[in-house]
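What follows is a set of structures for review.
Two complexes come next, and they have one chain in common, chain A, joined by chain B in the first and chain C in the second.
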Partner chain A sequence: MKNTYLQLVQMISGILAGLLLAVHIGVQRLDVILGFLGIYVSNTLSFNSMIERAKQISWVTLYIMLLFFAMLHASNGLYKISVEMNLSRTSLRLSIIFIILVGLIFFILGAYTPITLFMK
Partner chain B sequence: MQMKRFRENNLGIFGWLWAGNYRLERYLYTLHRITGLGLILFGIFHLTVTTVFRIQGKNVWDSAMSFLDNPIFKIGEFLVLIAFSFHALNGLRLIIHEIGFALGKPVPPIYPYTDAIRRNRALTLILMVIAMLMIVAFITNSVLGGWK
Partner chain C sequence: MGDNDIKTVIFTVQRFNPEKDKNSYFQSFQVPVKRGTTVLEGLLYIRENIDSSLAFRTSCRMGICGSCAMYINGYPHLACHTQVEEFHSGKLVIKPLPNHKIIKDLVPSLSEFFEKHKEVHPYIIRHDSVEIEERQGEFLQKPEELSAFLQFSYCIKCGICVAACPTAASDIKFLGPQALSQVYRYCADNRDEGLEERLSIVEKDHGIWNCHFASACSEACPKGVDPAFAIQLLRRRLLMYSMHLGIQTQRTKFADKPDTVKGKIEVPQYTAK
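Let's look at the complex of A and B:
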């Protein structure tokens, strides 16, 4: 039953992470094509543009939600691969602990920066 | 009495590549795994760059960006966009199939056996074409002078 719930989490987190990532990648990497559609973004990689986005609650929320769903999806995916690898029980437990720890560290690291910049 | 633990998957990771009679969907599964792992590796790199360098201010950020502005990293970014396009669309296909849509009609299990996904490949082909169009959009954007 646990794996059934995890599969549901994997599907939902995948859809949400995919949608949020599409917004992120679209703004960062489809500037000319978005311009044809009347959405103007430019120089998104510059420090000033980044700080400007970091001051807007909508972007901060989007980044943190994207990070959360992407981490959930990635950790769950790695767990599924570990299960399929037919590891011994101890190795599987260790790999699960490792996956959760790395996921948490990167979530905290990733969430800390936009929150700090937003608060400044 | 202790139960014997059978090792059914003896091929391990090599079973992703070939274990006999693989078809399109099986290779899509393998590519889904490979692109997923690639995206995780990129995500770790991307998070490190955008957090550790960004928090240190404009000068550190600008020097990091000028270091990353070279053909090797540009090709790497294209590969990430290709991986994202494929992984997202193939993931959508898996979800649609898993909730029971776009499957082939049931048939009696008579040899040579076929499965419901192989009997209806329209969704697979449509979504792979959309993934290709996304990749073309990224390339077009770059050719038109975007993505500086």
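Let's look at the complex of A and C:
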């Protein structure tokens, strides 16, 4: 059932990444709409506001989770594309290793900034 | 066009003879057509009156056997089921079905198509041998249990759905809408006990999760089978099965032997044997 579980991961990670992205975009760009809903945020794009958010564990967790689900979704999608390309067994293995490595590198690089900001 | 009006339509047919040609080419024929003339009748006219070397498959001429599937004016059709008038054009371009190898002219090779069909075990699987050993009996099935899979059993294996499928065009190993819809046809049949066996086959790479749900198969199917719907239903079944939430299908019971039920009219001994 490998492919079914991967499909489940793809669906769940896609939904969660979409929800977390909606929170991120909502706070960053939709302050007028949020104000209409009774949630008042201001100057969300300013440097100080970003640093302030980076000091809060809830925002750091949200950003790392968003990054994790986005990378999981993208890596899984790339794996599915490489399977569909009918690559040879060796090429497929190499592409899987490449996808995992690239996914890990992007995740580490992406997670580095919020973690170091939070630790400061 | 009146019933007896005859007009001339140009049939541009893709030709390819593997013994002579390196590449395929197009050849045009002038075909007289009247109201109700089908594309197949036009092709038969060409073969009988103009060029007897033109190769194409045909059998029943009434949309049941699925032999005459071909690519007419950029879309897969059954030639016997498609009237020339439907295209409102004086020119028809006829090619063999795409996503299949070509044997000659309009004859596609369906070997791989049937290999994939066979791969999914398209027959009732039972873990008991009661049906084989006690042939007098039969399985009980309610009308609603029949309707769960009836639509999908109308498949005539013409290959049109595979020809229309964009995934089959890019991934030659893809099982294809025909095979996948037949998996659902048997999994939804309450006489069948081969669910686990078939799900493990369709779950592999190039199986059910590679379908991109373009639904071109359902749009093209000449028998209204709706393979895309069958694939979605099968996906749900597969997900439930993988999460151990299994959709419990009430398995059918074996009917009483006919000798316990007296018919109104006695069957003479010699016919019974």
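By our rule, the second predicted complex is superposed on the first by the 120 of 120 C-alpha atoms of A that agree within 3 Å, B and C clash if a C-alpha of one lies under 4 Å from a C-alpha of the other, contacts with A are read in each partner's own complex, and residues count from 1 in each chain.
In the analysis below, a residue touches a chain if its C-beta (ideal position, glycine included) is under 8 Å from a C-beta of that chain, and two chains touch if they have at least 3 such contacts.
Bear in mind the structure is a predicted one, so any value in this text is a computation, not a measurement.
K.L.:
Should the superposition on chain A be reported as showing a clash between chain B and chain C, or a fit?
P.N.:
Overlaying the two structures gives a clash between chain B and chain C.
K.L.:
When the two structures are laid over each other on chain A, which of chain B and chain C touches more residues of chain A?
P.N.:
It is B that touches the greater number of chain A residues.
K.L.:
Just chain B (first), just chain C (second), both, or neither: which does A:Ile115 touch?
P.N.:
neither
K.L.:
Touch test for A:Met65: chain B only (first), chain C only (second), both, or neither?
P.N.:
In the superposed model, A:Met65 contacts neither chain B nor chain C.
K.L.:
Look at A:Ile15 in the shared chain and tell me whether it touches chain B only, chain C only, both, or neither; answer first, second, both or neither.
P.N.:
So A:Ile15 only meets chain B here.
K.L.:
Tell me which partner A:Asn86 touches in the superposition: chain B (first), chain C (second), both or neither.
P.N.:
A:Asn86 sits against chain B and chain C alike.
K.L.:
Would you check which partner chain A:Met1 touches, where first means chain B only, second means chain C only, and both and neither mean what they say?
P.N.:
After superposing on A, A:Met1 lies in contact with chain C but is clear of chain B.
K.L.:
Output the chain A positions appearing in both contact lists, the one against chain B and the one against chain C.
P.N.:
Touching chain B and chain C on chain A: residues 7, 84, 86.
K.L.:
Can you list the chain A residues touching chain B in their complex?
P.N.:
Checking each residue of chain A against chain B gives 7, 11, 14-15, 18, 21-22, 25, 29-33, 43, 45, 47, 50, 67, 70, 74, 77-78, 81, 84-86, 106, 109-110, 112-113, 116-117.
K.L.:
Quick one: which bits of chain C touch chain A in the complex? Just the residue numbers, please.
P.N.:
167, 170-174, 200, 203-207, 209-210, 238-239, 242-243
K.L.:
Please give the residue numbers of chain A that touch chain C in the complex, ascending.
P.N.:
1-8, 80, 83-84, 86
K.L.:
Which of the residues in chain B end up touching chain A in this complex?
P.N.:
Contacts found on chain B: 7-10, 12-13, 33, 36-37, 39-40, 43-44, 47-48, 50-51, 54-55, 58, 61-62, 65, 77, 81, 84, 88, 91-92, 95, 98, 137-138, 140-141, 144-148.
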